[in-house]
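Two complexes are shown next, each including subunit A; its partner changes from subunit B in the first to subunit C in the second.
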Partner chain A sequence: MTIENRLLVFCRKALSAFVVTAGVIPLYLLTKQALTPELQSFAWPPVWFPKSLTLTYVKDVIASGELRTSLILSARVAITAALAATVLGTMLGYAMARHTRARALGLSALTATRLLPMIAAAMPLATILITLGLYDTPGGVGLALVHGALALPAAAILLFSAFVKIPIELEQAAYLDGASPLSIFLRLNLPQVRGAVAGAFVLSFLVSWDEFGFALLLQPTNRTLPPLIYYYTVFGDTGAASALALVSAVPVLIALVALRPVLLRGLSGRG
Partner chain B sequence: MKNRRGRLLNLCFLWLPLAYLAAQFAFPLASGLVMSLNAGGPSFANYSFVLHDRLFWHACSNNLIVAGLSLCLEFSLGLLFALLLHATRGRSLLVEISVLLPFLIPEIVFLSIARYILLPRGYLNGALLSVGLDGLGWLNPGSWLALLSVIVVDAWHVTPVVTLLLLGGLQTIPSELYEAAYLDGAGPVARLRYVTVPLLRPALFAALLLRGVDALRIFSTVLVLTGAEGAPVLSTYAYQLWSDALEPQIAMAASVMLALFIAALAAVVLGLRRRSGGRAETSWEYLTA
Partner chain C sequence: MIELAVNNVTRALGADRGVRDLSLTVERGEFFVLLGPSGAGKSTLLRMIAGLERPDSGDIEIGGRSIVGLRRPDNAVAMVFQSLALYPHMSAFDNIAFPLRMMGLSRRETEKRVRETAALAGLEIDLRRRPAYLSGGERQRVALARALVREPRVILMDEPLSQLDTQLRNSLRLELKEFQRRTGRTIVYVTHDHASAFILGDRIAVMQNGGIAQIGEPVEIYRYPANLFVARFLGDTPMNLVKCRTNEGRRGLWVGETRLELTPPGSVTGELMLGIRPEDVSLNATLGAVEMPTVVETAEFLGARYLVRLRLGDATLSAEFPTPLKPGKPAHLYAQNESFHFFDLESGRRIA
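And now, the complex of A and B:
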């Protein structure tokens, strides 16, 4: 028994080492490339530890030009998308929590959304957005609307599992006291799921912020961050690509640290 | 609450989001289907072009290889990690790290750095050089090595998600079952075979569905690592027809084929799950992963 236990402990240590390495090495190399002069990034054999540091690339991202424009566009698209997904997800989550038929219907629709191949929707959508005049606009409205739909399943499920825990007796009591259905929802139910609403907003924001495929196809010249990182990576501007990637990882880190409990609970579907 | 206003509210709450989803996804899918059937008049010419294109079949086989192997890798590693974390009642910090990793690094950032690692003069070949080995062309277009790189990078990125899904399944198995099996004389292997696996089946099916579909529609990993031509899969094949060859209708035909493959996979997995007695209701919690 003790040998078995010791083996388990060893395996767990090996596992944690593996997980941490697999996660930390990419982040470290990225940071290194973003903060060292390009000559060191192109050196052969590769430089593992920086010899000198520079803030040129990070400054470029924040200061002006293409990088900054794309940063602002990404933020605008992600906020719009997160608003749409949170509002609609709250509505759908509530309907699904209160009615079994709505639950079955909603689950099918959300599952279908989750399984959709990006390319099959994005190409015709580009044609549709051209007709509507929303294709590749500087404000990225068309892309934001797609991202909202893309983030809807996660937001709706998060809200659904929060609403389901509120006892229906509360609602019935409020109804007997003469409250209207809308005010029951707004004043009784909504305040109780504030945490889940915030979680849904952050999760949707991250879905949009990280999304690559639709952004590549629908915003070919007014690029959000992921396609721009792709272009810089593939067409060889190591410093700028890494700095951009680093900057784009910052909001993700902040959001995750701030809302870790809510997100984890929603993720595992328990609690 | 059987009054009219209540019903109106519920109808709005249900149908507004569903209409939004339909406008963003169902309508484009349908119009893509219509466009794919149009070649100067209604015809199957686009499909016939795709089916006679050697590159399409190459993309199909690549797609199947990538999906098959990366699923094997993710699920064997994911199950191993989940069992270990569960058996040792893994401290929540470790769970959190492994859960948050795929989120911590946005997909494109991860792929960008993976490309820098695998380039001919990248960090992996540098590490090989420092132990006296010759580097390899990990991303050489058209090579099996490029395909392997795509598989490994994909598995690297999503194994934590699979681990989490399976760990969630493990935690729903009551410990009394293990105690009973132990008292009946079942060894560790028998307990895994007759208690864990059958009860883990719903979680396995859900993870298989999500990850299987993700593996079939794989796009960004291939595009960033090898370029659309390096290791063509169905998504990049369609993308190339659309953006480089400027053949939108043929591209739509290819993407409709991809959608059909995904629908077929989903039907098979869901059918298997129904036969094994899993309830459809259990699937909701996996939608956020």
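And now, the complex of A and C:
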């Protein structure tokens, strides 16, 4: 066995270990917690495999109207945010790919906004949303806009790296073939970055679906899922909180599995 | 009838790039080749004719109408790019149909013209395939068909064959020439390869530093290069160029201490550059041939022939012979009077 191969094997093992500790174990613990009666889940020393299971928490959570309202709100916010980030990110990414000044400006602006501590932006944002009448609304439009802005840099950079791979000669050929700038963009460029568009949409969706801080501050009564889970935990109902978290993970898992081929293509920069 | 006229066009791209005060005309139905090394300005000129770049000054006319500054050259020009620039996400059919769709042609008319043009370009494939699933030659044909389908007045080609292997390139080159003869299209073709230029071109413009060094038919340019640059640039083995001089009061030319029985045209005196192509040199004395006493230096095996380097006075000559010569041995070379070229040493211009 050559050195390169051993290195490769080591790296693969490290990756597997990471996936297990960061993904499989938390997910297992969450599932266990959601399905175990309270006495057992607080047993000391902790047990890996509970003796009995219960569906009480899951049933309770599903039956409560709170979950349904939060679920719908979370979905609305995440879809709006993802749409905004994807549409804007596509435009920004294209501009950055085709214009060197826009590229320098865009990249520094996008990274600079991420350097600001988010909590520093929260108060002013709350003030702005209150002024606009978008603070803590049942539809969550204000929060969606904030989430969209949060997801924009990653979406824009993802699309930029996809657009920049399209040779400029293709656009010149289309220009000589009589295409207008708009049809060059819509018929030529956009179809070639479909994977990246899908990737940007799903990434942005997840950013919003998962976001806690702004959701807590900007939607104190009309809650999205993460703050709702937080409230359950604070009030000591860990079983319900776990069940809630489990339920909120399901759509994400489904989306990830269903879109895996497209996402892999888009995120690895192959189309 | 003049199809394309370039009048005093200048476009500066930095200090030594671009095109300078260049004029030329291309006749309808002509296969016109722009030949030159990279950086000579051929592609810049082609892109200006295409309308992708705008000249700083001067005018370009196609079919008698100026195209400078037109938003889109419409049916005037089409271009085949070096990379071919096929749309990768579209089928071959959609690639060829794209210009027609942009014109807003009906579905039936589009279909009809795409089929006709594909046949004209020699495409005998399933047109539903995408470029990634086509061979190099098929891609060339799709690119050609896409350029033809709109029936432009002038087709521009930027070394479209350069990325193919030699065999395929040679066969497609002949086919392109045959196609152009048959259809009478006007083609402007850019290349840095003189062999392609000779085979394809009805006329060739040799470009040098953003200007034109010489325009003419291939044979004319090869036989009578207008300056040293053209003389060096054409030919598989470059022309031998040796410095020589006249001696006052005596006939003949001297290369170092070796005298040649040659008289430069006109009454040129002093130093000048003497040129002779390797293939014009022979080992056999023929009537009226000029003799060159040389010593063999090296002989390289090229396959069909040997490339032999020989010392003539203080200069080295290359020549090609079917048999090798022994290094160190003297050799008498002969060439006809008219195969010698004379150039001015200072300006590089041909002395006629």
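FYI, the second predicted complex is superposed on the first by the 219 of 271 C-alpha atoms of A that agree within 3 Å, B and C clash if a C-alpha of one lies under 4 Å from a C-alpha of the other, contacts with A are read in each partner's own complex, and residues count from 1 in each chain.
Throughout what follows, a contact is a pair of C-beta atoms (placed from the backbone, for glycine too) under 8 Å apart; a residue touches a chain by one contact, two chains touch by 3 or more.
Owing to the predicted nature of the structure, the values given are computational and were not obtained by experimental measurement.
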Which of subunit B and subunit C A:258 touches, first, second, both or neither: neither
Touched partner set for A:173, first subunit B, second subunit C, both or neither: second
A:132 touches, of subunit B and subunit C: first, second, both or neither? neither
First, second, both or neither for A:53, with subunit B first and subunit C second: neither
Contacts of A:39 with subunit B and subunit C, given as first, second, both or neither: neither
Partner chain in contact with A:212 - subunit B first, subunit C second, else both or neither: first
Residues of subunit A touched, compared between subunit B and subunit C (which is higher): B
Touching partner for A:188 - first (subunit B), second (subunit C), both, neither: second
Common ground on subunit A, meaning residues reached by subunit C in one complex and by subunit B in the other: 172, 175
Of all residues in subunit A, those that touch subunit B in their complex: 8-9, 11-12, 15-16, 19-20, 22-23, 26-27, 29-30, 33, 42, 44-46, 48, 84, 88-89, 91-92, 94-96, 98-99, 102, 105-107, 109-125, 127-128, 145-146, 148-149, 152-154, 156-158, 160-161, 171-172, 175, 180-182, 185, 203, 206, 209-210, 212-213, 217, 225-226, 229-230, 233-234, 238, 241-242, 245-246, 248-249, 252-253, 256, 260, 264, 266-270
Touching residues (chain side subunit A, partner subunit C) in the complex: 167, 169-170, 172-179, 183, 188, 191-192
List of subunit B residues in touch with subunit A within their complex: 1, 3, 5-6, 9-10, 12-14, 16-18, 20-21, 24-25, 27-29, 31-32, 35, 81, 84-85, 87-88, 90, 94, 96-101, 103-117, 121-123, 126, 129-130, 156, 160, 164, 167-168, 171, 209-210, 213, 216-217, 219-220, 223-224, 227, 234-235, 238-239, 242-243, 248, 251-252, 255-256, 258-259, 262, 266, 280, 283-289
Subunit C residues touching subunit A - in the complex, by the definition given at the top: 50-52, 72-74, 77-79, 81, 83, 85, 87-89, 98-99, 102-103, 146, 150
